[in-house]
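The structures come next, written out as C-alpha cells.
Two complexes follow with chain A in common, the first pairing it with chain B and the second with chain C.
== the complex of A and B ==
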C-alpha cells in the first residue's frame, strides 16, 4: 500500500481512495453483478442519486439474419414453432409471430449462456425435486437437441429431415418427444428439449414485441391483454365489462411507427 | 489482506426494508451509520422507469431484479439422507438483490400476525393439550406478545401507508374488517383499495356462505399519501405489473418510496453498494463483534470496524452470516441440540383456479396488483376448531388478481392440450374468465427441517453455500388438503364450470415458484436453548450483534411476513435507541 492509498481518518478518504481504485479497474474480477457491470459505489449525504444510464433499456430486436442459429437450425425452429402454435382462425403461426427470431436473439444474450445462473460443479444427477442439474447451457441444448432431432428423423422417417415431414407427422413426433418416448443421441433428452423449446416459443409468442416475437402484438390481441397501459383506474369498477382499448407495447403501437 | 477502514458506530448489512428503517432510526439518534449492500443502487426514476417497467420477459421470466444464482445460490434436499444439490436457478422462492431488497418486488400484502401466533405453543397446549402437538413439531413462543408488537405494527403501517379496514379497534369490532385480527389502536392510514369484479364476486359468495370477507391490507396505496417521514406516495393504478416488478408509480411501499428519500440525505449515513459482507468479525473472546469484512467489485477486501453490527440481509443470508462468523451454536439435527439453522420453515401456498363460462364472465385479471383483493380469515391459524381434525394451522384465503401478464398467467382447465390449436382455443377462452383463489397457509417447525453450510458447493468467493434441508411436514400437508377443499367449495359456489385444485403436497420441489416466504433459522425467543436472538432481536452470544428479518420467526403463520418483519425492525431500533445505547450489553440475561 502506498502512503497516498492509506485511509486518513477524519476525511472522506474511503470515497477518494476507493473511487480511484474503481476507475483503475477496467475488468471485473468477479461475475457481473448488474446488467451494466457497474462497480461498487459509495453514496452519502447525496439525496437520491440520479444515476442515468445505470440500467439498460431494452433494445428493439430487428429482423435480419440469424445471430445464433445456422440457417438449417433456424428453419427447424421455425417449423417447430409453426406446429406448437399453428396458424388458425385465432392467430398467425408461432413462426409468423417471430418466435424463432425471439429464441435466436435470446440465445445470443445472457440467457443463452446461463451466465447469471449457478454453473459451478460438481455436476451430478439429482432428484426431480432438485431441478435442472445439467451443465449444458441453452445454447448447447439447442445445438445438440436440434441435431439429435434431425438425426432421429433421418434414421427413422425414411431419410427425411424434420422439415420434410407432413404437419401430422411433425405433430406426432413432437407429441412423442413431449412424453419422452423418443430416444435422442447425445446429451440432450427429447423430453427436456421439447420442454425447453415449448417454454421459449411461448415466451416469444407472449413477450413484449420488442424482443422479436409477438409480432404486431398478435397474441395480446387474440386474448385481450392490453399490454403496457399501466393505468386501469377508470375500469376497476366497471365489473364484468369488456376492456376495449387496443393493446400498447413498450415500443408503442404498430400504427404509430414510421411506414416503410 | 483486508484493508482496515475508519470505524463507524453502526454497520448495517443489507439495505432493504429492515436495513433502511433501522439505519434511519439510528441516524436520528446521532450515530454514524454505514450500510453495506451486496447489490446495486436502485431507485424508481432510473430502475423502474415507466417506459419499460411493464416487461414480463425481463422482470418475471428472467428475474432481472432477483438475486442471481451466479452471485449466491443455495443447495437443497428433502431430508438429511439425501445429497443437497444447488438450485442452479431460483424457482421455489425469489430472494431480492440490490437496494430495497425483496421489498422492491414484493406483493404488498401487509398483515399483522394474530395474538395467538406469538405464543403459539402455549396457545395450542392450552386449547387442545400438549398431546395435540406432534413429537417432531418444534413450534414455540416468540418471547413477546401481540400487545408489545402493536405500536411497532402501527409505525410500519403508517410508514408504508397501508390501505385497509380495521376489524378490531381497541377491542370494538368493526363491520367490514377482519374479525379475527388483534386489537389495533387506530384505523389503517388509508381506506381500502377499490375492488375489481373477481374479488367482489368472491366476497359476495363467501358472505352468503357465512364467511366475513374484508379487503386485503395493501401497501399498494388507495390514494395519495404523505407518511410521517414526509415522503409522499401516489395512488395505485392497478397496472398489473406488481409482484416481481418494481413500481413505476411510487404507489407500492418499499424502502425506495418510504424511507430512502429521507435517509439518503442524512450526513451521518453512508451507503456502499455492490459490497458483499464476508463475515462478522469477533474479538478473541468470541463474545464481541469488532466489525465486518467485505469485498467490493474490485475483489479487494476491506475491514469495517463498528461498535454495533446489524444483520438486515435476506433471511437466508442472515443465517448464513451467523454460521460463517461463528455466532451462536449451529443446530445438529441428529442430537436436536444447537440453535442456528433450527426451525427453518416456509409457507404452504395452496390455490384453486376456477374456470367460468367465457360468454358470461369477464374478470379482466390484467387489472390488479399484488395486494388488491378480498380475503376471509375463517380458515386461518386457530380461527376454527382443530380438535377433531388431526392437524394444526391454516391460512389466509384471498382472491387477489395480481395481473395477467400472459407468459406466466394463462391457465387452462385440467386436461387441456399444452400446445397446438386445441391449446390455443382453451387458453383464449380461459384468459379473461378464469379466477384464482389462494390460501397462503402456515408452515410449522419440524425437527428435521433446518439450515446449515453446504459441505461441497461454494459461492463465487469460495464460501460454502447455505444448505436447505426441508420437506412439508405431514401436519402441514393435512392442513393444506383441508383448507383447499374449503376454498374449492367457495369457488364452485361462485359459479365456476371447472376447477383446478392445487393443495400443496410433498415432496417439496425447488422448481415451481411457490412463495418467497422462507423463514426461521435464527429464532427469537425467551429461552437461549431454543433461540438465537432474545426478544429484542439481539444475539444471545454476541450482544453487539442484532438481526432483523424473517429469519427470527420461530415458525410461519398463515399470513404474509412483511408486516411483521417491518414491525420487528422498529422493535429492534427502539430497543437499541431506548435501552442498548444507554448501557451496551445484553438486554436480557441468559
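== the complex of A and C ==
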C-alpha cells in the first residue's frame, strides 16, 4: 500500500499510523529487553543464593510489658478477649491464651501502621465484599475505638468503665456493638471496631504460638490441628485410627526433652 | 529478485569480512601445542588448582582466599603469568621443583597447605602439560601476601626441618600386580586429586598420618568422612557405578555432596572423564578396609536421649528424610547406613543440623537442594539428642553426641560465618 492508495480524506491512513506505532513500540520493547538483560543474573551451582549463618529466623514473641497498648488499653483488650473466648471445658480464655499480647505485638509491627498496604486515596466506602476501605490504620482504630468504648461506658453505664462491668453487661454491650446499635464518638464505628477486635482475637487464638497468642498450642490441641508437621506418609494407610502425635509450633515443641 | 540478490550480496560481504580474520589468526608457535595445552588444562582441573588459587569473585588463578590452618593464615598466590605479581618470571623447572620438592623459584620454601606432598608423585608429562597451560592464562596483576602466619611459623626455612621429618620427594610407583585402570586411579587419588589433603587425618605437625590414609579428617569445621572401603564409616557399601555417579553428578543413591566436597565436584571431578572416575572407583573400593571393629549400637533405644531425639526427628527431620531414614533419592540424603552419619567425628552432622547447607548443582543434577538451618529452633541438648538418635537408628551405630559438642560447633560456626 502506497500513500497514493490511501483514501483521499486528507487524513493519514489507519494502516500507516498503526504500522509506525507498531515499529516504535517494538523498538522500545527491544530497548527495554536489552536493558533488563544487562542486569539479569544467572544463578547456578554454588552461585545459588545460600548464605549460611545469615538466616533471619522468626523470633518467638515473649510475654512482657505492652509494646503498643497503654496499661489501660491492655486491660480493656484482655477483658474483651476474655468475653469473646471465655474459659470453658474446651480451653482457657482468649486472655489467658495470650490474644491481647498477640494483638499488641501485631500493632507494633507493620500490621499496625498498614505499612504494607496501599494507603493513598481515594478512600470510598466500597461494598462489603471489597473489605476494609478505611483510611484509618489499625493503630488509629484501636486507640480511638478503645477510647470511644470507655467513654461510652462511663456515659451510659452510670460512670463505670468497661472493665468494671459484669460479664453479662460486657456481653450485652459487645453484642450491641456487633449489631452496630451503639454510637461511638470519633471516627471509628462500634460495629467495625467490634469486627476488627473479634477478627484479631481469633487470629491470636489460632495463629502459631511464636506470635504470642495460642499459648502452649491450646487451640490446636482443642481442635486436633497438628501444627507445622507435613509428613504423613507413615499414617496414610492407618485408616480409622486416631493421629496421636502432639502439635508442633514453628518454634518447635517445648516438651521434647521432657516427654520425648 | 532484487531482494534475493541483495541478501546474497550481504551474505558474501559478511563472509569476506570474516575470512581474513580467520586467516590472520596468529600461527601456533611450537611451544603452543594445542593438545599439550588441553592436557594441561585437564591436569589443572583434576588437581583443582582453581579451588585455592582463585577467589569466588576474582579472576581464575589470580590468587585465592585466606586458608585458615591450625598454625595460622595462608593465602594461595597468584599463578597467572604476570611478571610482577604472578609466575611470569618462572621457568618450567621452577614449577617442577615446586610440585616435586615444595621449593619455589629462588629457593623459597612452600608450606604444605600447597599439597606438594601429593604433587611430588606427578609425572613429568603432566607437569609439562600443566606448565604449557598455565603459560596461556591471561596475566593478572594481583599481589598476594601468601605467608600470613604468626612467628615463628612465618619463617619459611622451618619447612626444611618439616620436610626432613614428614616429606620424601618420590615419584608415583605403579603396582605391577594391579591393572592399568587401578594404577591410574591410584595416581589420581594420591597425586593429582590429592584426596588425602582433606580425607587423611593429620599428625601433630600437620602432616598426613599415612598409617590412616583416607580414613576421614576434620578441617575447617567439616568432617571429611572416610573414603576407605569400610562398610559402616566409609564407602565400602557403594558400587563403582554409585561412586562414579557421586563424583560426576554430586548425587547418588544415598548421598548428596555439600560443603567443600560440593566445590570439588563442581570445579573438578564433574569435569573429569568417565574413564578416570571409574579408575578412582576401582582403586578406592579395592583398598583393604581398615581393621576397625564392628560397632554395636552404643545407645539403647529407651535411653532418654534417644526418646528426645526421636521426638525431635519426627517433628523436624522426618518430612524430608522419612520415618525410615531413607530420604528421597537425589533430593534428600539417606541417613540409614550413611558413612558421614556414623563417622566417629560427628562435626559434619552437627554442622548440617545447626547451619543447613546447599548440595552441589551439576549439569546432570541441576537442582542443588538445600537443607534449612535448624540451630535457631533447637537447643544444644535437642541437637545432641537428634544427632545421637540418627546415629543409632535404622541399624546405624555410632557414639552419642553431647550438648557440649554442639555448643562448641555453634561457637565455631559463629566465627566462620
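Quick notes
To be clear about the criterion, the second predicted complex is superposed on the first by the 199 of 260 C-alpha atoms of A that agree within 3 Å, B and C clash if a C-alpha of one lies under 4 Å from a C-alpha of the other, contacts with A are read in each partner's own complex, and residues count from 1 in each chain.
Here, a residue touches a chain if its C-beta (ideal position, glycine included) is under 8 Å from a C-beta of that chain, and two chains touch if they have at least 3 such contacts.
Quick caveat, the model's predicted, so the values are computed rather than measured.
In the superposition on chain A, contact of A:230 is made with both chain B and chain C. In the superposition on chain A, contact is made by A:222 with chain B only, not with chain C. Touch criterion met: A:256 reaches chain C, while chain B stays clear of it. Once chain A of one complex is fitted onto chain A of the other, the partner contacts of A:57 extend to both chain B and chain C. Partner contacting the larger number of chain A residues, of chain B and chain C: B. In the superposed model, A:245 makes contact with chain C only, not with chain B.
Using the contact criterion defined above for the overlaid structures, shared-chain residue A:117 touches chain B, although it does not reach chain C. Applying the stated contact rule after C-alpha superposition, one finds that A:88 touches chain B and leaves chain C untouched.
Residues common to the contacts of chain A with chain B and with chain C across the two structures: 44-46, 48, 50, 52, 54-55, 57, 229-231, 233, 250.
Residue ranges of chain A in contact with chain C, taken from their complex: 44-46, 48, 50, 52-55, 57, 229-231, 233-234, 245, 248, 250-253, 256-257, 259-260. Within the complex, the chain B residues that touch chain A are 3-6, 38-41, 43, 45-47, 49-58, 61-62, 64, 68-71, 73, 76-78, 82-83, 85-89, 91, 98, 194-197, 200, 235, 237-241, 248-249, 260-261, 264-267, 269-275, 296-300, 361-364, 366-367, 404-407, 410, 418-421, 424-425, 427-428, 431-432, 456-458, 460-461, 507-511. On the chain A side of its complex with chain B, the touching residues are 1, 7, 9-10, 13-14, 18, 21-22, 25, 28-31, 33-35, 38-52, 54-55, 57-58, 83-86, 88, 90-91, 111, 114-120, 122, 124, 126-133, 171, 174, 178, 198, 202-203, 206-208, 210-211, 219-220, 222-233, 235-237, 239-243, 250. Chain contact summary for the complex, chain C toward chain A: residues 56, 262-263, 266, 304, 307-308, 310-312, 314-316, 318-320, 322-323, 355-358, 360-362, 366, 368, 370, 372-373, 376-379, 381-382, 385, 413-414, 416-417.
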